[in-house]
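Below is the structure I would like to discuss, written out as structure tokens.
Order of writing sets the chain letters: A, B, C and D. Residues in each chain are counted from 1.
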Amino acid sequence: MGNAVLEVNELTTKYITRFGENIYAVDHVSLKVEEGKSLGIAGESGCGKSTLALSLMGYYFPPLYYTSGQIIIDGQNISGMDPDEVRKAILGKEIAYIPQSAMNALNPTQRIINFIEDVIEAHKPYATKKEIYDQAKSLFEVLGLPAEVLNKYPVELSGGMKQRTVIAISVILSPQILIADEPSSALDVTSQKMVIKMLRNLMDSGLIKSMIFITHELPLLYNVTDDIMVMYAGQIVEKAGAHEMVFTPIHPYSQGLMGSIMVPESGLRDKKLTAIPGVPPNLKNPPSGCRFAERCKYVMPECRVTSIPLRDAGGGRAYRCILPKEFLMEAYERERGER
Amino acid sequence: MKHTIRQVFRSGKFVVGFSIFMGILLIVTFYPLIIRDAPLKIIGQGTFFAPGIYVNVYDSMGSPHYTILLDDAAAKRIADKLDDDDRQAIKEWLVAAGISEDAIEIENTESLLDLWVNNFDPTTRIPGMTNADRNYYIRLNTALDGLLSTEGAIVASVNPETGALEEKGVIRQTDYVNVNQVPNVRVLPLGTDNFGRDVLTELVQATAVSLRIGIVAGLIATFIGLVLGLVSGYIGGLVDDVIMFITNLFIVIPSFVLLILISFSIGQEQRGAFTIAVVIGFTSWVWTARAVRSQVISLRNRDHVNLSKLSGHSIAHIIAFDILPYIASYVVMALILQISSGILAEAGLSILGLGPRTTDVPTLGLMMNWAMIYQAHILGKWWAYFPVIIVIALIAFSMNLMNTGLDQVFNPALRD
Amino acid sequence: MKHKSSLFSILLGLLLIFSLSLAACGGATPTEVEAPAESAPVEEATAVVEEAAPVEEAAPTEEMAPTDEPAPVEEAAPVEEAADPNALPRNETLYSNGQQWGPVVGWNPYSSNNNNAMAIAQQDNARVIMFETPYLYNMLDGQVYPLLADGPFTWNDERTELTFKIKPAAHWSDGTPVTAEDVAYTWATHLKYSTPTGTGNVDFIDAIEAVDPQTVVIKAKLDENGQALNPLIVAAYVSSNYVIQKAWTQTLEERVGDDATAFLADPAEDVVYSGPYHKYFADDSKVVYVRDDNYWGQDASMWGKLPVPKYLGHVIFKDNAAGTTALQAGEVDVSQQFNANVQDLWLENDLPISTYLPEAPYGIGASLPTAFFNLDSPGLDQVAVRKAIAMAVDYPTIIANAMTDQSATFDQVPRSLMNPTPGEQAMYDHEAVADLQWAGNDIEGAKALLDEAGIVDTDGDGWREYNGENLSYVATCPNGWSDWQAAIEVVAAAGAEIGIDITTNFPEWSVYQTVVTKSDAPLPEDYDIFMMWSDGAGPTQPWGRIRKLISSEFNGMTSNWNGNWGQYENPDADAIIQAIPAETDPDALKAMYTDLVKIYLTDVPSFTLMYRPQSFHTVNESVWTNFPHEGDGTNPPVPPLNLTDGWSIAGLYNLELVNP
Amino acid sequence: MNAGKKPCLSGRGVTKEFGFGRNKTVAVDGVDFDFYEGEIISIVGESGSGKTTLAKMLLGLINATEGDIFFQGKKRNIGSHRKKKEYWKSIQAIFQDPFSSYNTFNKIDSVLLDCIRMRGGGRLPREKKIELMTEACSFVNLKFEELTNKYPFELSGGQQQRLMIARIFLLKPQILLADEPTSMIDACSRTTILDTLMQLRDEIGMTPIFITHDIGLAYYVSDTVYIMERGKFVESGTADQVILNPKKPYTQRLINDVPKIYEEWDLSTV
């Protein structure tokens, strides 16, 4: 077991709506990212992936509120810290965060180098422009980005280049961990591939120690991360190594997700796709039992009553279901079967 | 629909704006039912009577008199006629006339008046005294005449036979009348204007007329803008080019300039309130047209429009049911803005003297115009123009509140 | 209001010019014209003492040493002080406003297009700060007093030749003396270039000749009987027209090469003048005049001293409101504009501001803004209808609201053809017309009059009929002339009280004036009752005003800027008007004027709505004092006319500093 | 392979240009195609390749600048509104974004009633109509009783897209153009939608044409695949041919850049 860069224990955060209702979008989530490892978080939209990303940074702004749990980064508990403090001490330095729409958030009137100057000056006030430029240039070289990008305006860059630039800017302070929320979903396949390559490159070169990658595109996750966590309705329903997760999912929900992967490979056409009917529960009023019970084909009466804990499945795997993993895995195998 | 209305009324801003607006509407509707005076009737001989309760002097003499003994009545009477500045001025005159400064007790009203009555002579020429000062002393002297007298004032009338005055009664200094018993009392909460008209009554009707002008102008502008925008945006092509050419022409010529030119060329004789409203309407549709057009252009490529086509609906059906409802909220907001800008435009025109024909109907702008011509703002006759400004501001404010309120409801990006 | 004032003054000028050009013939001597050269002896005595003081103050830094001798100082060619026109020494400058509403175009005294209202205005009360007339007219007593002239003018026995002498002391700004030849040449030039002065007087003045260097003879044009056509107009010439230097006129003629258009268009920056002030600075915000310390008038034969302020500043404001604000702030000493509710300035704002009279009407009315009837409108051809309307109108409200009490009421000055000055009031027999008077607001009387004439409401709709048609009229006046608009509203309100439907209409001035001044055709619809002005005060008054109000001689003119716009016609009135200029017997004159007033009050071709001053005169006494005011002890009295016009310039010699 | 089958929709030199002069862009550049009855066709292209424009031309929503489209062997005639209406009985579409596909002011009933009217059922008795609508809804696993008097936006994305299929069920067109029918749908619902579509195809015997950027989806569902690049078809053939053995560099690159799970994804080729 390596050094834990980020450790999250039983983190719960909530949204408070205009009408005062609490929505627990992240519900008792625990996770651990070790040095040199990357973690993927998968799930449908609305399952709490992006909220989890925000919550992990300790950067809370209404309507998002911290409720309970710990976020330990580099040995320091940042949960419940003042957002201002977090912004100054944590963001960029400890945690870098790339939100979904990052590349469109660049101020169009600034050159790329200006953004980098802003970031560096906030933390190293005495750096000269030349130093900053040199630092930025060497970073760009490492990441395979052309240095002339530095003097360009955001509009002059293609979508893929913009996204890669944003990633480069966000890691300029060598953060411990990078949280990337759907960094490539708005891009064409080629740019997507370049972004993925760059993220891998970041890990390999040691510029960042670890990474959390959030996406609903499972083939990407499979190719980028070491471990995958599946979230459903604010909870983690399954954790596993990437390969295990994709090919032998245990939780019925994970099975549904993995069974719907479509890739242009000969292995696919023989398999039957799995489907999950229904919609995720409303988190304003979550079911008291298993949150997946409504959509689960194996549902039993007690599923609707007792909440289900995360069960250890051995080999670093865990899942949230009362059925035994052998039964579930076999059922999946049979279901996919031949087309 | 019900749902939308409920949502609209959940917006605090809208409700506040709506309440103000409905308040204005209620006042405008019910005030004339209660106070039945003609708003343009000249009732005051003289300009800019200050706000207050006017009691008929003749009638007060005829009303029952009551004796009320108040200690401070005499003091108040004296203070009203002889304030500290006056006392100082009297001292200055007396000193200049050669009275020793020591002999003048400025606080002792009796001795001061004594000195004054015995020494003041309007014909005395004091070096360095201006005509304005001289006039002041003469006025002061008149005002002070009999100030300390405790006798009442005698009311007399002419005997038609002898032509001599005959005493009818004495009004003592302790006599009071009950205002409720005086038959003629006129309350002028906002005084009178330069024509001697009751400002409040005039203001209420002016507000009604201005609102009507605003609504007519707003409806016309919105209707033209909506039709042109819809046609231009949905049909596109050559029709669009022609309409946009016209629209751009109107944009290049600022609409207010156009408004001024048109109003000027119409001439005073034809400029009724309705004409002005129509003119304002016909010059302010441009932005509505452009905004509607751009909305329609983005809508016409939406999938629901395509789906509607695939369902075999005609162009008219699509415009009416698939495009119009989507911009309806926007059009309502534009209408509200157009109404309030119509009211402002009328005010602006009237202040330039290009408003509706002067004294047919009062409008807010005309009231401002006359107040300015008679220099109410310089002479401090605030009641002639300030309430008008308040009303204009309130209308514009309530309209804008409703508009932002609606915007918040219809535009989810602005919801908090 | 601003619009109105400027137009008003321009049009008043035009009106005068036309009236002069069309004056009727006459004969014999008019009213005796006294010319009291004696100014008040008290002032003469103080004059010498005061003389030195202003000179010292005028140049506190640059003059060598203050000397007690008045005259020689001036001779030592006064060093042109470079006082900043925007920061003139306040206690040497008299500021006024309300005459000039735009930048000055030129300084050519022959031209009427200078837009130089502060320096050039040749009319009944000629403006004499820079150019001078032989005589000064005083509207308060109706007399003329010599300025360039030496003593009173004299008529020959036939009243065909008027003779006066030029003061020996009078000299031009270049030092050369003013001579009779200058007067003669001025007239010749007016004729040669057909200036308004020339065309206006050519029908009445045959020649102006210099008998010797000091003596001028004006020969009147004669009728077939050998009598002067109109001695009144001839006599008026000497107080309404400038004397312009012959030598400079010739310089100008040389420069423009006898081209009439160029002659009149020349801005005349080099003009030679005889008056006490000359141009110092002019732009679109102000005009400043500086005193000529060489002015001849300090000779004992005229004023005996220089006028008190070294600078006359006239500030050009955007509108009346700006002018009022400046007056309040003491930036303007003499305000010549209409200030609504002027009494509030001292009663409520406690400012050191005063007017000629301490109480309403605050000034002396000189002209009679009048509502004319269109005598062709159905019903208005009936005297009963006209008189009923005139009787029903609430004049106190007009005066109180439209004029904010700055007009005498008709109780104070009963309705006639005369203005409220004592001189004119004395010219008719008040008692004789007392029965014809009406006070206004007489609804019952008006109704009775109409009932008596059989003009009643027969169909019960509330409106009276005449010949089966409802009496329904439109009362009109120009848009933006606020006091007239307010007045015409009151007229309309009176109609409803007596069963006559009157609505108001306010066309633009440009439309209004072309309609109203077209006297060769019946007036169009919407002009049943309409407002215009009358003459103010002047040497030919009240004759000139009466003529313009009721004489039929203007009917049929394509462009009639004179008067009688309702196209009234009465041969009796015409005959009296024609006879007056030749009449010299005061009793006969009074009888004639009384007859005219009788005709006017009986026929009611038009009716006066208010009295209006020749010019408004409100002063702020924070810097200067001793402005003309009622009972100021001056003899002859100084009229309240901005201290630049006619005899009112005498006021400039009486001013004192509040804090010397 | 296509011998004996007849093409239901063909195109010859179909071109669409936008703008004039310097602003001219060619969205679809002279494409030829024959879509055969009964086949499942996919048109695959990246965004901007012109596939949506082509779809709109096939639907008759916009006119081709050049070239001809043949419907059932005959040159298509949709000059008048009546002809268009007739044509749309045979060809219908499902759009990408279910949230913008419905008029938010119309209730679900009206969406379905429109379809019944289109099929000439406007004068059917109300009970019959409800029966038809109920049938259509139950086909896509929705309950009409729950949907009636609701608005489309009250449904989830997957439900809306299924409602769209219910619409097609009622219309029973010969051709269905599905423009990215699943790209806005959650992964789990995607399968349901595809399954339902396939079921519908079997039921009414229509020819589905998928317009998609997702090669995986195209490979999984279709018989014939067309790869579109910058307004042109660069490669076409059976799914296995085109996707497992791409001949053209563009196709090769496209397939190469899509993440793999069964094989190693070669990141070095960027």
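What we mean here is this: a residue touches a chain if its C-beta (ideal position, glycine included) is under 8 Å from a C-beta of that chain, and two chains touch if they have at least 3 such contacts.
Computed from a predicted model, the values in this text were never measured in an experiment.
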Hypothetical removal of chain B, resulting connected chain groups: A, D | C
Innermost chain by mean C-alpha position: B
Gap in Å, rounded to a whole number, between the CA centres of chain D and chain A: 33
Centroid distance [mean C-alpha coordinates] between chain C and chain A, Å: 93
Whole-Å gap separating chain A and chain B, where each centre is the average of the chain's CA atoms: 63
Set of chain C residues in contact with two or more other chains: none
Pairwise touch network: line, ring, star, complete, or other: line
Chain pairs that touch, as defined at the top of this document: A-D, B-C, B-D
Contact footprint of chain A on chain D as seen in their complex: 46-47, 141, 156, 158-159, 186-192, 194-195, 214-220, 239-240, 243-244, 253-255, 257-263, 265, 267, 270
Chain B-touching residues of chain C, taken from the complex the two chains share: 1, 320-321, 324-325, 328, 339-341, 344-346, 348-349, 351-354, 358, 394, 396-397, 400-401, 404-405, 479-480, 482, 485-486, 489-490, 493, 504-508, 511, 526, 619, 621, 625-627, 629, 632, 658-659
Complex contact set, residues of chain D against chain B: 56, 59, 61, 81, 84-85, 88, 92-93, 95-97, 100-106, 114-115, 117-118
Residues of chain A that touch chain D when the two form their complex: 44-45, 188-190, 192-194, 196-197, 200, 216-220, 222-223, 246, 253, 256-257, 259-269, 273-277, 279
Residues of chain B defined as touching chain C within the complex: 41-42, 44-48, 128-133, 135-136, 138-139, 194-196, 267-269, 353, 357-359, 370, 372-375, 377-381
